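Since the structure comes first, as structure tokens, the remarks are kept for the end.
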């Protein structure tokens, strides 16, 4: 198969891109994310038609947040948004006239990294995506592990604190409440409120109140040595690394790949994650350690991965 | 290949058995577990020779507690006992003159259940073994998932309580401290000490003090309706079921199999585990549920599974 | 001093009452709670004037949610509402021309129970108020313990779960997130969503969806044996009792008094709290146990207590 | 009353001292702690006779670990040692012919600090003693708060982690498992085992293995900047400070005093405790903060305090 189209549905915009067999993006199109499910489907179709006009493609892969069924057709449930049994594949196929494959967005990103990014050369890889929330994808023996019902790899919702923070999924103590972009912001705001004298740089990047601290401020302040910003990354890393150690006990991959917006900070966040991973790894003196790698494809991993999954049919 | 021999190394005794292609045990031999590593190896060799005398076998599979390397030859690390890089395969092969395969004991038991027990007909199965500790085994696509370094499926040591109970592995809050036979006894003793008037049956089965309560007492008392015994099973199930819900988020199997001594109690323990599983399953109204099945092979699952793995080479 | 007036500021209404030296209420007046701080003060003044018209009183005691300073004049901080350094005493005195004493509402309720309710005959009493949130009051040696800065007894905000639920106070894992009327409703909704077949009575009292479950439904359903309702009370009691055990380690009172709306259910909630208290009490076999008593004054404890504190000057 | 004798019963030795009205120790005597309860009582009597020979004293105060009854006569229960209803007062009085007062050892130390150490000038003080375990003492209105049954101030056994570490008292998650000298050593050993390259100084002070790390090594290494040692103190401070914040919500004292062997390190440990205290203090921007002070009397606080309590009768 030649060219395929990958679609990434984000909270604020939808991106479609034509991708070739080497994972290169030939053309992209971004549109704002409409507020309604039907609007989203129309927007996907529009974006697909736009990019396929100049680059005829043979199939479409869509990365969508939530639990996708094992026919890769329907979003069963999205923990943080309001999709319940949404028949995405059929609706988009009707509009664009191409075969469509729907995949969980973090699975698509994992596949992208495995095929064309940090995971090349590994057969068993576990990816975590630290974006607003926390997503996961699993490659076992060179294949995407989707599970019996299509919903494997939902790392964000394993329970890491009994009776812990409420989660959008209805449960409590989910990992993504402690290791995600949203968690990072919470850490920074709480600490800046309690000890503002240790957050002078950080507070100065907003309007001076903890409530206006955002993710980009924390990165910038951490690089400038702001104690609260550094400590917030450390707290994130504590939870991320401890969770990776658990995943090593479960999956035993040769490498972990850490992606998502939070990972854009590189070693600022990767190094403390590696340290925490090693600290919590059971029997760490007696066993080989998986590598903890930074993702390489940035925000395009999902789009590229979805396109490649569509190619593989 | 015809007959093979499975070996199960337990804390108090070592069992060897000749197993045929249907998973039937033709002959067994049990010997006490010696206190030293070398003694254990001699005892294994003796037991293998005994059973192979009348039933010539072609290979030996050994199920051993701990992390076994990906060559299925060496026990790297045993969380609760003192084996570190123990070259079990070579040493036993030298003594018995047959090819030997070493496997984690819970993996072997999982394989036994998959091939000849509760897992028949399923392709993706996750097994937990609630014995003294908690072991795990994973079947994906009809194959035992051993991981890149051979140490996947170490469920007992994922962290379910931050800063929780100390574990023999050196970590804290490991699942097996909350869901295992040992945990069940702790629950019962604590509750009987605090509210002896609710543990009359249970205390009557020992010498009347909480310290003498053992696992078999709890089962018997629970069947007689003893409130503390019933509540202890409920607490065990609370942790076991919540953990299975996490495993569903990670692996998404079609079935879970619950084995080990604790599962011998059948629905007394399985029903509350199923209830807790369902309570904690993320998106439980919107997705298919994996079955939670009782193991069928009892204490012989490990021996049968190890023999079958040896057959497969 | 003769008659005094007690004022209780609730979320929906403000009550003022004339109280005599025996703690009897001679006349009351209730007005809706205005939405602004100034409106609240005007409403208090109106209510006080109304009841004092026919019963001339000599002083006013106000029970207010939040941290009240040690001059009993200013609300420093209210964890769940937006009062910061509100000079309540001065503002009300200017309007009504009587001496005013401001007291934390749970302290006032504790004092009411100590003087005229369940605490009579005890010198060292600790009260918890399980209303929407969780408040506390401490009597030591027959005196209300207010602390050096006036803010002792803020039980609701001690941390019982590290990294636990977010609280209105800005912290995480506060006791009132686990033991309060609000927590009870959360328990019931979560359980009813997960296992609706065990919540048939409970769901039938609302519109059939978990989101419409309210506190009164849980009480009614629990009395009818609805499993989810019973279990929700049990969970509340688990946290309430464990916290009382901690308070026994700290204060060692002769009695605990449990008040607030949740305690209106009597032994339905008191018995499991007593059981949980005993289970968690350190050294429970070797020490005298404090009694755990139901409050006797119901919703009027705060008003009566505030009036009595005003009398004592 | 003139001179009195204070006795401090430690795990390894018993100290008796003659103390004057200013809290000065005129003479001391130390003997090894015998292994049996009766032996301990004989040793106390011997030490008392020795010091009283040259300094005739009028009464004896004994600081003993555990729950002491409200007659200050009997040790009801010692969480970590094997005393149950031990009639210490009577037995020592019979042997030495002087009136004896028994007090919880941490209460005695708190009293010593209040009267002659860091607590002078404060009326409401809460002391924590970070020794091997964690003890507490409460001064309210210039009086030692002993509680209705004599067992108030047992801070070490409030639950700070649900389902947390097992404690010698039979409960789980007790504060002293996370904030005490024993906890500090556990933190250091776990971290040194996981990341030995960050513990070079620390490991070099023992025989190079984590198991030989002791408290004094951690202090020395922390002063030399050893990362694991510094991080271990930080972890201790995290738990100590969070607990003090809870105590502020409960007691609202004007000052906390931190004593015990761990506090000998001064600001090395006090500064991070203060920081953590402030971070966790509810409403910390809106209320006065209690001071967090280092104890001043060192290891003699208990002896001096016990002697002074005996003087007061």
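Should a chain be cited, it is by its letter among A, B, C and D, assigned in written order, with residues numbered from 1 in that chain.
The criterion applied here is as follows: a residue touches a chain if its C-beta (ideal position, glycine included) is under 8 Å from a C-beta of that chain, and two chains touch if they have at least 3 such contacts.
Which protein is which chain? UniProt says A, B, C, D = Glucokinase.
Owing to the predicted nature of the structure, the values given are computational and were not obtained by experimental measurement.
**Q** Taking A-D as the reference interface, which entry in A-B, A-C or B-C shares over half of its contact pairs by residue number?
**A** Same contacts by residue number as A-D, out of A-B, A-C or B-C: B-C.
**Q** Give the chain pair, either C-D or B-D, that is connected by more C-beta contacts.
**A** Most contacts of the two pairs: C-D.
**Q** If you average the Cα atoms of subunit C (Glucokinase) and of subunit D (Glucokinase) to get two centres, how far apart are those centres in Å?
**A** The mean C-alpha positions of subunit C (Glucokinase) and subunit D (Glucokinase) differ by 34 Å.
**Q** How many angstrom lie between the centres of subunit B (Glucokinase) and subunit C (Glucokinase), each centre taken as the mean Cα position?
**A** Between these chains, centre-to-centre, one finds 49 Å.
**Q** From the mean C-alpha coordinate of subunit B (Glucokinase) to that of subunit D (Glucokinase), what's the distance rounded to whole Å?
**A** Computed value for the inter-centroid distance: 44 Å.
**Q** Residues of subunit B (Glucokinase) that touch two or more other chains: which are they?
**A** 161-163, 170, 193, 280, 285
**Q** Over in the complex, which subunit B (Glucokinase) residues touch subunit A (Glucokinase)? Could you list them?
**A** 67, 76-77, 79, 84-85, 123-124, 136, 138, 140, 145-155, 157-162, 169-171, 174, 242, 245-247, 249-254, 280, 282-283, 285-288, 290
**Q** Residues of subunit D (Glucokinase) touching subunit A (Glucokinase) in their complex?
**A** Of all residues in subunit D (Glucokinase), those touching subunit A (Glucokinase) are 162-163, 191, 193-195, 275, 278-281, 284-285.
**Q** Could you pull out which subunit A (Glucokinase) residues touch subunit C (Glucokinase) in their complex?
**A** It is residues 161-166, 170, 172, 178, 190, 193 of subunit A (Glucokinase) that touch subunit C (Glucokinase).
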